[in-house]
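Across the two complexes that follow, chain A remains constant while its partner is chain B and subsequently chain C.
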Partner chain A sequence: MLNKASTPAEKIVKVLGYIFMAVCLIVALFPIVWVIMSSFKSNKEIMANGLALPTSFAFTGYQEALKIAPILKFFGNSVIITCCSTCINVLSLAMAGYIFAKKRFRGREVLYAILSISLMIPMTSVLHPVYLIINKLGLYDTKAALVLVYSALSMPMSLMILRSTFEGIPTSLEEAAYVDGAGFVRTFFQIMLPCAKGGLASAAVLAFLDGWNEFTFALLLTSSDKARTLPLALSYFSSQFSFNYTAMFAAITIAVIPSIVLFAIFQEQVVSSMTAGSVKG
Partner chain B sequence: MKHNKIWIPIFLAPACILFLLVFALPLVLVFVTSLFEYKLMPNTFSFTGLSNYVKLFTQDPNFLPILKNTLVWILIHCTLHVVLGTALAFVLYKKPFGWKVVRTGYMIPNIISQSAIAMIFLNLYNASFGAVNSVLKSIGLEHLCHNWLFDNNTAFPAVTMIWLLFAGYTTTLVLAQLLSVDESIIEAARVDGASSLQIDFMIMFPLVRKMIGTTVIMAAAYMLQLFSMIYITTGGGPGVSTTNLPLYLYTTMKNRYDYGYANAIGVVIIAIGAVCMVAIRKLFRMNEEDY
Partner chain C sequence: MKKILAAFLSATMLLGLLAGCGGGSASSGAASSSSGSGAAASSGSGKEIVINYPTFQVGVNTSAPVISALVEGFNEKYAGQYKIVVEEVPGDANYAEKIQVMISTGSLPPVVYGGGYKLLDLALAQDLVVDLTPYVEADPEWKAQYNDASMAANARDGKIYASSMEGSLVGYFYNKDLFAQAGIDAAPKTWDEFFADCDKLIAAGITPMAMDTADGAWCSQLMMGAMIATSGDEGLAFMNTKYPTDYNQDVVVKAVEKLQWLYQNCTTLDAVGGAYENAANNFYTENVAIIANGPWMIGDFSDTTLVEEGFNEKVGVAAYPGGFVYDEPIEGMFVTKQSDPALEEAAIAMVRYFTSDEAQEMALNMQGMVPASPTAEISDEALSTFPLLGDFLSQAAECELRSPTFTSNMVPGLESEWSNNLPNLATGNISAADLCQILSNFAASAQ
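Presenting the complex of A and B:
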């Protein structure tokens, strides 16, 4: 209401703001739109003019892409691995977060500080030790290896989010459960966990995205199709795709669309988890 | 409530096991083995003190250029990238027409996997049908066309552009913080006659200072985790012109089987991360209270 009375300078700022917004949006979306558009063009059309719109709307590229590379198999691996790691991550850190939030014991703060160190370590620095440990455990080239590593990846964020979630739940609720005769485990699973839904969802979204998009450890710890994940599929088969650009663009589109759809649906959740994770950090 | 005491360690155990296997033990191993001559071919494992580090900094012709690449990328990312994202957040928090669409759309490149982004840019930069050269041709600047990712002169900036402009995380975080500022503060400033530019710079900016600091730390950490986008596009070349420390660690380990040396690089990565974190926290006075 007050900004009706804006000065010429402020009007210019406003117009510049709109231009800036438009440029950012175009920069962010152009590469993806270009890839999706190209996936409907024939090889000839792609080579003739990289910017032209497709002349027909054919899905042959998608059929060929699925034939050339076992994308669906990799997709399945990704779903299994990421779902398992997300569940393990959220459950184990919910248990720990609950203890840190509600129980007093000797060394509590020290242990919490030690666990928080994980936030400081760039995971690329420990590629070799992790590889060594996975090998020693006999897990090389198994889905379990990636489940284990991905469960730990977003550990610091999950711990911070879940600890503060449980701190926000009144202790009286817990005491009431004890008075009613519920044991420790039942109190946690039937009373505390349902109250922590918001924090659990935030942690789960972050853990899922971390695992779903991870590339480095997937590359390092797998050697066959039985455990490879979707992020590897594209680069791994890029040689098979050479000279069939339509299929390659289709494959990229297949890999990208699920994340975009998930984000569109869970947008508010993603934004609030990111904020929750970073404020505590 | 005596039974409590038994359950505390049981509830902590899963998280501690994860921490031990993926963080603590690797961290110890990386520090210890960096002091050893530890190779697969020929198979050796003997204590050599700091000689891996001495070799890194004085004898390895690749290391210093690669270190420089890494530091330059951290610096660019912590400044340009964060400024871009923050600027957009300051435009969006006034809720101009379409602000939600821009917020969502700008986030999309950050939500899809880095390897997909890398594949997309590999094609965008393609010499024959890539969009970059196609645009140049269509506006008559054919002489500016390059094989962007594989030309010595353009590889570094071309790779940098793959992540530089996509500051969706920064925008989203700073925007969330800006939107949580109490409206009455802004109204009070308006009543006192402050222009919207003055409000942005004198009131809002100091209020979101810590969040911007957080995004700078995240930007530095992101550059130290950077791997797939280089591995897939240039593979670090030509020469080592687009190699960073994580990629160098990976090739040292996978191609040369020189594990002690690779882990010395790992320690350097950890050290850079720690220094960045402390420096940025100081710069943005993140330990101090606002009020």
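Presenting the complex of A and C:
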């Protein structure tokens, strides 16, 4: 590119562009910064002026948060449950996405539509049946119950992402593998799956976030600390006539940091896979 | 082979669906004790019976220390015989949601605390509740705890199903310093004086009332309900009616009109859309002079993470103008039907222990919780720990007019409708008559 002196109009556009980006940055960062900042303020300061800076940087909120609720135990449970459900979800939906993308069979579109449409089923309508199934399976108050439910909850989104990912991989690759003597399973695991890394990461991140933030089933399907997850811990800090916002914001900070870090690391894959297959030609 | 596999998978999915959706019909009898949903595990004759007790009274809930002490005391008293295992369900609304799902699936834990969530009626509708009448009749001390108010909260059709552990005697608090700045010497005795005092506060540049609209508008509805109850016999009768269906009564419409005036002239901007926390904070930070709430708030007046040092010295307490206080034992604990009779016996023993006079006196001493039982003693220890409570109890003793709160009498679901429409009332988008019509329509359809 040639180095040319910018015209005043170009300079204005450039400045406006930076201003726009700065506004976007502030909008995106404000809630995170506000929560972290509030975790250092007293209840009085939070309620009196939510936007003011804390008068001191005491860690009492974090100490209280850890004392009031078993956050670390719940954190460990969340990690185990969410990682397991994400792996199951991505592996099984990768298989399904591959078949829907590359194989032709009768009823394919109908089946795909049925699976996708489950995205629109409100969660409250499945509470009762899921609760009964989990009880009948003897999985109440186990991590396995939540792993099972979370694996299924993200199914439609993962399926859509992975199908479009596999559609974007040239069929000639698959055919070449078959010509070289690879079987169906080997072709899928050794040829197609590595090519779909972007989509897999994207589906995994979204499934992870769904599981990490889920509250209702975690409340309904568990009764003890051994299987409860982090979102439940946040309810320990407010009740009808009492509240401890300092500890609550500290607990929120502990709860959201892993999600933010994960998204920051994989954001490129998430964005690129969400738009994969949207442009053809 | 593929077809067989496909058929097998389809059958599995179908069975799963049937298992999930079909189980509810079996809920009319005993609550299942085999599910791990919170129903207790009893371990046979001669062994310790375990009572799994889900509760929201954990975390920052003001009753958490009391429940913890009661569980400890019960487990000590019945060591080797019964044992309570607490299931923490943090958050009042979360608890209600979980119990409602359990009611619909017929898998309730042995003991349920009704609280303010109308859980007793929901469980009774599914025939899941044990009739406590013979047990209460056989125990004179237990029977003495049931006065008219307690019967209204815990009995249905003459049968006793629940036992209260906490009363709900509610007046209002005011900031004596702000009253003095406005030239007000004492709490008003009549509603005319009350509204005149509001004018004086406004004239002095002080916002009179802490109000809210969210979560049932607790503080606002207390003030409005008091106006209805003190408007005459008709109003008092309305406030003592469980599940009223007609809100288009003159006394109610007039009180709602006054509530609208208070929203528009006497409160803070954050009242519209605000919840209890906002109202409480406005009182704590001396932005407003009055808040309607119960004695459980007294402890907060000395909590320096919420208020300035010495704030408790500025607070006064009063019964409502016209000599009225809210007096309603909170719907108590009930025992659910279990397949194991020994577990039911254990659950009854737990309810008896938790709602005994001794337990209520301990709750009063520890947290200033007003006893539901008329036979529980108000100790000097409690009065010295919570002097404001002593002042309020002596004022309340002189009040002849009493009733439950406006929202506690509403049919299930109406409280949300009420709360959702209050911002429109406050901003003048709907009139008092419109709101009463909305409430009447909802209540009638719910019946």
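One rule holds in what follows: the second predicted complex is superposed on the first by the 170 of 281 C-alpha atoms of A that agree within 3 Å, B and C clash if a C-alpha of one lies under 4 Å from a C-alpha of the other, contacts with A are read in each partner's own complex, and residues count from 1 in each chain.
Throughout what follows, a residue touches a chain if its C-beta (ideal position, glycine included) is under 8 Å from a C-beta of that chain, and two chains touch if they have at least 3 such contacts.
Just so we're clear, the structure is a prediction, and the values are computed from it rather than from any experiment.
Colleague: Mind working out whether A:K136 is in touch with chain B, chain C, both or neither, as first, second, both or neither?
Modeller: After superposition on chain A, A:K136 lies in contact with chain C alone.
Colleague: With both complexes superposed on chain A, which partner does A:I99 reach: first (chain B), second (chain C), both or neither?
Modeller: A:I99: touches chain B, not chain C.
Colleague: Touch test for A:Q63: chain B only (first), chain C only (second), both, or neither?
Modeller: In the superposition, A:Q63 contacts neither chain B nor chain C.
Colleague: Touch test for A:L232: chain B only (first), chain C only (second), both, or neither?
Modeller: The answer is both, since A:L232 touches chain B and chain C.
Colleague: For A:L127 in the superposed arrangement: first (chain B), second (chain C), both or neither?
Modeller: both
Colleague: Quick check for you: in the superposed arrangement, does A:Q240 touch first (chain B), second (chain C), both or neither?
Modeller: second
Colleague: Is A:I260 contacted by the first partner chain B, the second partner chain C, both or neither?
Modeller: First partner only, chain B.
Colleague: Report for A:W212: first if it touches chain B alone, second if chain C alone, otherwise both or neither.
Modeller: Touch partner of A:W212: chain B, not chain C.
Colleague: Which touches a greater number of chain A residues, chain B or chain C?
Modeller: B
Colleague: Tell me the contact category for A:S42 with respect to chain B and chain C: first, second, both or neither.
Modeller: second
Colleague: Considering each complex separately, which residues of chain A are in contact with chain B in the first and with chain C in the second?
Modeller: 47, 127-133, 216, 219-220, 232, 235, 238
Colleague: If we count contacts the way the header does, which residues on chain A are in touch with chain B in the complex?
Modeller: Touching chain B: residues 2-3, 6-7, 9-10, 13-14, 17-18, 20-21, 24-25, 27-32, 34-35, 38, 46-47, 49-51, 88-89, 91-93, 95-96, 98-99, 103, 105, 111, 114-115, 117-118, 120-133, 148-149, 151-153, 155, 159, 178, 183-185, 188, 209, 212-213, 215-216, 219-220, 230-232, 234-235, 238, 245, 248-249, 252, 255-256, 259-260, 263-264, 267, 270-272, 274-275, 278-279, 281 of chain A.
Colleague: Considering the complex alone, what residue numbers of chain C touch chain A?
Modeller: Its residues touching chain A are 16-17, 19-21, 23-24, 35-38, 52, 54, 56, 58-62, 87-92, 94, 97-98, 101, 104-105, 107, 215, 218, 276-278, 281, 284-285, 293-294, 296-297, 300, 305-308.
Colleague: Under the definition above, what is the set of chain B residues touching chain A in their complex?
Modeller: Chain B reaches chain A through residues 1, 3-5, 7-8, 11-12, 14-16, 18-19, 21-27, 29-30, 33, 84, 87-88, 91-92, 94, 96-99, 101-102, 104-109, 111-124, 126, 128-131, 133-135, 138, 165-166, 168-169, 172-173, 176-177, 190, 195-197, 211, 214-215, 217-218, 221, 224-228, 231-232, 245-246, 249-250, 253-254, 259, 262-263, 265-267, 269-270, 273-274, 277.
Colleague: With touch defined as at the start, can you tell me which chain A residues reach chain C in the complex?
Modeller: Chain A residues touching chain C: 42-44, 47-48, 68-69, 127-133, 135-136, 138, 140-141, 216, 219-220, 223-225, 232-233, 235-244, 246-247.
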